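Listed below are the structures to be examined.
Shared between the two complexes below is subunit A, which has subunit B as its partner in the first and subunit C in the second.
And then the complex of A and B:
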């Protein structure tokens, strides 16, 4: 017992000795906007890019799973390895999964050299210096001026008062509204195309989609015109942005300023709440998202929101349905399904934010999106070889090939000009700011859960009857202000 | 506190006096070993021991001269030079410094222990020599290690393993709780000691204090309720399936075992799907004209808590049932026969024979079950991890402390706060377990059923 007491006393004294040390200074000093400069090619962080390619080295590349599955990565690696064979540089698949954990692998020497990811992920690693600033003067895509400013901005961050670039944008990722063309009413060209532009009104503006949804549901109570998981803030945030909300101030760089309650964001919430009343309970949680392929194939949903990579799953499921229902061959069914699953940007919104008594004036619906691109690990031992890879992979030739194989919307303007209409629409939306890019700061990680939880709560509100929490604009505004505050508190807990 | 320090002072003073007295009466060989480890053993011609102790001293001094001292300093400073991966400038990694410092501290304690053991050893030998006996040689020492001191040989590796894989991480976690390690202070940024700041933050009424107490309250309620529910249901099921009137016992026992055999996360995912807003249960309700029930949504606090209890029962009751079945088969039937002759009813037999026997045998299991349930991460993580509740900081009203800890430390990278909560959980669970165990018949009447 005496020994135990002694050990306890010794531990206590040791602990007190440790805890009496002074805490350090706060390293988080915000930059003074007036003194921010562009990086100079002579900046010491670029010293490692001396132009001398490291010879006989292997660089590890992280690509996204779809690019691997569809064979694009093999094409890219083969082409690069052939081009740089004389230097003995070999690029290989890092085999670390598309969500490679650079912060926990890089510092210890077993992380990838080059990583393909969305801007919010890559830029989330900037603050801790896991990805390195890139010398844009040595990167062809930047030098050729084919990257839109908004996409370039997504990869910029200020450090030591210098506005560095940390990645090379490659393609646009944004959710789209997908609908079943074959489920359009037979008279849509006469009754649902007021502007005679050949595009159904219900996929052009939310007011008509709302009316169509009511009609669709009235015909069959198990079916819904428009349904998606409102609790996925990636999908639902655009409705708030359209009415003036923003995530972070200073062009999504200032995490001291949370603006989900800004402007008339409450109108966006009202629009979603009104539409949720015409959706099933599946819109409250992930149910709608998980059920999308089956529900769209069966016609339970006429339209829904999802990311382009999910489209192929919907097409496959619909093709299977066609095979069994229409007796088509696999090839015919796939071709028909491919024609009938159509993706469009989000429909316009009524300016007054009211679907029940809409204004005539419509506004463009913004949507959250991301720019996927390449960045370089700060821990790479072969910066010049890695830079050569990034240059190669973002060249016109490879971006074009990527677009052809993966059917994605490219960021390079010279490739986008030759792309399909949807890709061009997305490129235009990126350029004019209608696609709000996911913030390139680490604080974005503190947004998804509380904001998604709030939107799920809004989706549940129409079922609450007299106990509704968001049935007036004032209540919505108060809730949005609280949400912004909660996110602020989560970000700045240890400040 | 003052008294504790006074006692500590007295203890140190007494130890010092004893040491001085010991030094005065020690012979030259003992004093030689005090100056140089192993020298006294050499003087007694115990070459093997001498080489080993001398080797320890040389290795120890070399280690501390080259690494150990620096590592120890690093434990206090947690690094002074901040690295810069962009320019390739090497810097200090505070977390590695802490780990190495801790290892160095453990090695220092080990070194001091061996030093003391060296003095005790030579002192023992000197007493043997005084009695006219011959000092043991190296071969006899080795023989002892395989015979009289075999326990030391066998326990060496497990002890080492415990220190490296158990003690070191626990102490490391405890130390993290006293730092500011967490977003945005993550290496290569240097971490610092912040004293009790994280605990003050948890217990204060600022951002996270109220959440802590709300979650703690629910956590205690959950742990008690689910432990009792699982225990009672498992016991009842075991008793029921133990009755002679039940036909096809194997068949009936198979079902709970199947539920138990299926990996927990598959069961939890299935239940989440079942109770989702657009899931089969709500579909059945709405297709029969009812309104969907907010089982797991923000509104469904008590629904979700109830579902959590039932799912945990689904997962755990089979193991309790199996345990109780085994214990029930060990009860001496003569006790029941005697009770019947005395006219005891079935209920009385259960209350006075079955229950005390089972409770006695399963108290330690109940404690581990309580701790397991207190720290039951899976149930509510699977059911409601995407939800935050009003008035809860980065958590919801079904989160347990362990879920909150996960959200803070893994999702949000507030490692130091997470470590402080871990420490609090550890104190709570260990205190409760200790109290329950010490008060239980399993401890008080250890010999009753032997």
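And then the complex of A and C:
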């Protein structure tokens, strides 16, 4: 009897050990190169998408707060419910906030069926299988070939050497430089538009913005021409990428290769350090980011960096200021504020990375961005109805409506080519790689804190005088190498 | 001799006055320390701009009621009236159920002598020493089995069921009621139920008010349990909802915090007399 018990226990332990060692299902495990294939439509993973719509069901949708506030979600749900009324399918707001906790609520049956989020969030759930691979051959946006490759790649992950797609890209989310048009100098068209293209030079290149900032601050010492939270790596990483840095190797998939010190990344840090000398202490931490609406409304900042969803807050605050200062009605004030808060891509940078003695040659400033899109919960009981919703919500008609209501940059090329200039610029940047997409692997979570601390330290450096830590390019390079090593150690500490 | 006595008396008086002035000064400083954050929050709730960083010092730059108006009108993402209603429902029902259960438990333990009484008391004492968050995972899994996740009645159930463990103060109060009253009632032929309803409860008014008030106040401001169990926004309580407000919504957060404090402050002012009686009677054994 003892022998039987021993054999049974031994078999059980061996089985458990073998199961836990199987790396096959882990999408983060680098696969054997050269053997990765695209999934076949007959892949068993797609068996649940049999084309038969579940009838008389309710599917729960998570959308972002702005889409709810601006009324887009209601329009989308009404249109979908009308289209699928004959099947009894009803889509409703999951009512869980835009940061719905799928990993915790999903397994117990309380999560949403379809979720809208940025690619880094959605793809962060792939490894633990909270979102399900999608059959791209059944999705109109993919079949119509209107999704840029870079956006498509943001939603791909490899499991069992198959390159599955886990989401449908919808719009580009990238930080922009926002400025107050009404605070431009009255002579900007003659003195600040060298190329006569109708766009002020100070929002086209950082050298002129640097000069303008000094002038703006000299006129009133409480005001700053350009100020943003340098410690927010989502905002500041683009300056490093512009000079050759990257986050992870192999197109942001290989967390063994950290490249924040690569190329001439040190020049990007030098540019930021030089500009930080013309900013207030608010650039060291989140203060500038959190104060942006009030500071821009009061004219304390001429320009700053933030994400497009914050623009409406700036406009609202500026409208309130106009009402009290200019005596305008609420409607007039809002209209004027809307005209005067202008968003543009990051200004170009001097190729030599020196704002004080800049080169004539300029380079495009890269920026980190994300692709927001829809993914499907692995726990949904209605995969076909959910797929129908994703197809409907990413159709030309709905993406166009979304762009009109929310003023966001669409990913679909057929909508983007009819959009405004800014949306087209962002689409172009996504297509040519000037917007570096947030990596879709879990290791990105280990980047924000050390990189943010480093950039905050750089922002504080101009005030250290003789004790400066980053006053030479060699010191910056050494610090960047240490930063890359720290991030590597954080990711692989428990390997 | 008289001069010396007068001088000593004067000295004592001066010392007493100086002592009193010193104590009042300390009390004023302590009050200011406690009052400062509350006052700052109240002033911030009237800030015309929303962001925390638009309050440059102690006073906002400009004042308005906008935050309070938005709190009740702009409900597309943050449905404060619904959160307030949920909080009120949970607090009221918990107040009713918990008060009944705590008073019942305390009375039984105090009045009746039965075999496992001491064992029960010791068990309750030991169980109440474990912090409530220890059982969070278990509670969540149990609630999923009863389909009580995302359901405000699940919260009422948990609050009410765990409330009797805190019966000790109430038992202390019942211990102070003289046994002779009960004995007289028994001689007159009163049943246990009659004794409880016509003798004990009227005498226990202060401790009932105290129990009701604390049972109301606990879920009114609790955050951890509602955050764990309430998933959908329309089921959130005020404490959970306020935590989800955006970074630029500080004035609305402050307005929501001020508004949620009003009912509980009013209740305390009206019932403080009973509370003090209840606490002191329960704490001191006769």
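Assume the second predicted complex is superposed on the first by the 466 of 495 C-alpha atoms of A that agree within 3 Å, B and C clash if a C-alpha of one lies under 4 Å from a C-alpha of the other, contacts with A are read in each partner's own complex, and residues count from 1 in each chain.
The definition used in the following text is that contacts are C-beta pairs under 8 Å (C-beta built on N, C-alpha and C of every residue); 3 or more make two chains touch, one makes a residue touch a chain.
Remember, predicted model here, so these are calculated numbers, not experimental data.
Participant: Between subunit B (first) and subunit C (second), which does A:449 come into contact with in this model arrangement: first, second, both, or neither?
Facilitator: first
Participant: Just to be sure I read the superposition right, which of the two partners does A:324 touch: subunit B = first, subunit C = second, or both, or neither?
Facilitator: A:324 contacts subunit C only, not subunit B.
Participant: Among the partners subunit B and subunit C, which is in contact with a greater number of residues of subunit A?
Facilitator: B
Participant: Touching A:185 in the superposition: subunit B (first), subunit C (second), both, neither?
Facilitator: Touch partners of A:185: none, neither subunit B nor subunit C.
Participant: Between subunit B (first) and subunit C (second), which, if any, makes contact with A:490: first, second, both or neither?
Facilitator: first
Participant: Under the stated touch criterion, which partner chain does A:460 make contact with: subunit B (first), subunit C (second), both, or neither?
Facilitator: first
Participant: Classify the contacts of A:105 with the two partner chains as first (subunit B alone), second (subunit C alone), both, or neither.
Facilitator: second
Participant: Now for A:94: first (subunit B), second (subunit C), both, or neither, which partner does it touch?
Facilitator: Touch status of A:94: second partner only.
Participant: On the A-aligned overlay, A:299 touches which partner chain: subunit B = first, subunit C = second, or both, or neither?
Facilitator: Neither partner.
Participant: I'd like to know which partner A:291 touches here: subunit B for first, subunit C for second, both or neither.
Facilitator: Both: A:291 reaches subunit B and subunit C.
Participant: Determine where on subunit A the residues touched by subunit B overlap those touched by subunit C, and list them.
Facilitator: 287, 291
Participant: Which subunit C residues qualify as touching subunit A in the complex?
Facilitator: Of all residues in subunit C, those touching subunit A are 48-54, 62, 76-77, 144, 149-150, 231-234, 244, 246-248.
Participant: Okay, in this complex, where on subunit B does subunit A touch?
Facilitator: Subunit B residues touching subunit A: 4, 7-8, 11, 75-76, 84-88, 93, 175, 178, 180, 182-190, 192-197, 207-208, 276-279, 282, 286-287, 291-292, 294, 296-299, 386-390, 393-394, 396, 407, 411-412, 414, 416-417.
Participant: Using the touch definition up top, name the residues of subunit A that touch subunit C in the complex.
Facilitator: 65, 68-69, 94-97, 101, 105, 108-110, 287, 290-291, 293-295, 297, 310, 313, 317, 320, 324
Participant: Spell out the part of subunit A that touches subunit B in their complex, as residue ranges.
Facilitator: 2, 5-6, 9, 13, 15, 18-24, 27-28, 44-45, 47-48, 103, 106-107, 127-130, 132-133, 222, 231, 280-288, 291, 378-379, 442, 445-446, 449-450, 452-453, 456-457, 460, 463-464, 482, 486, 489-490, 493-494
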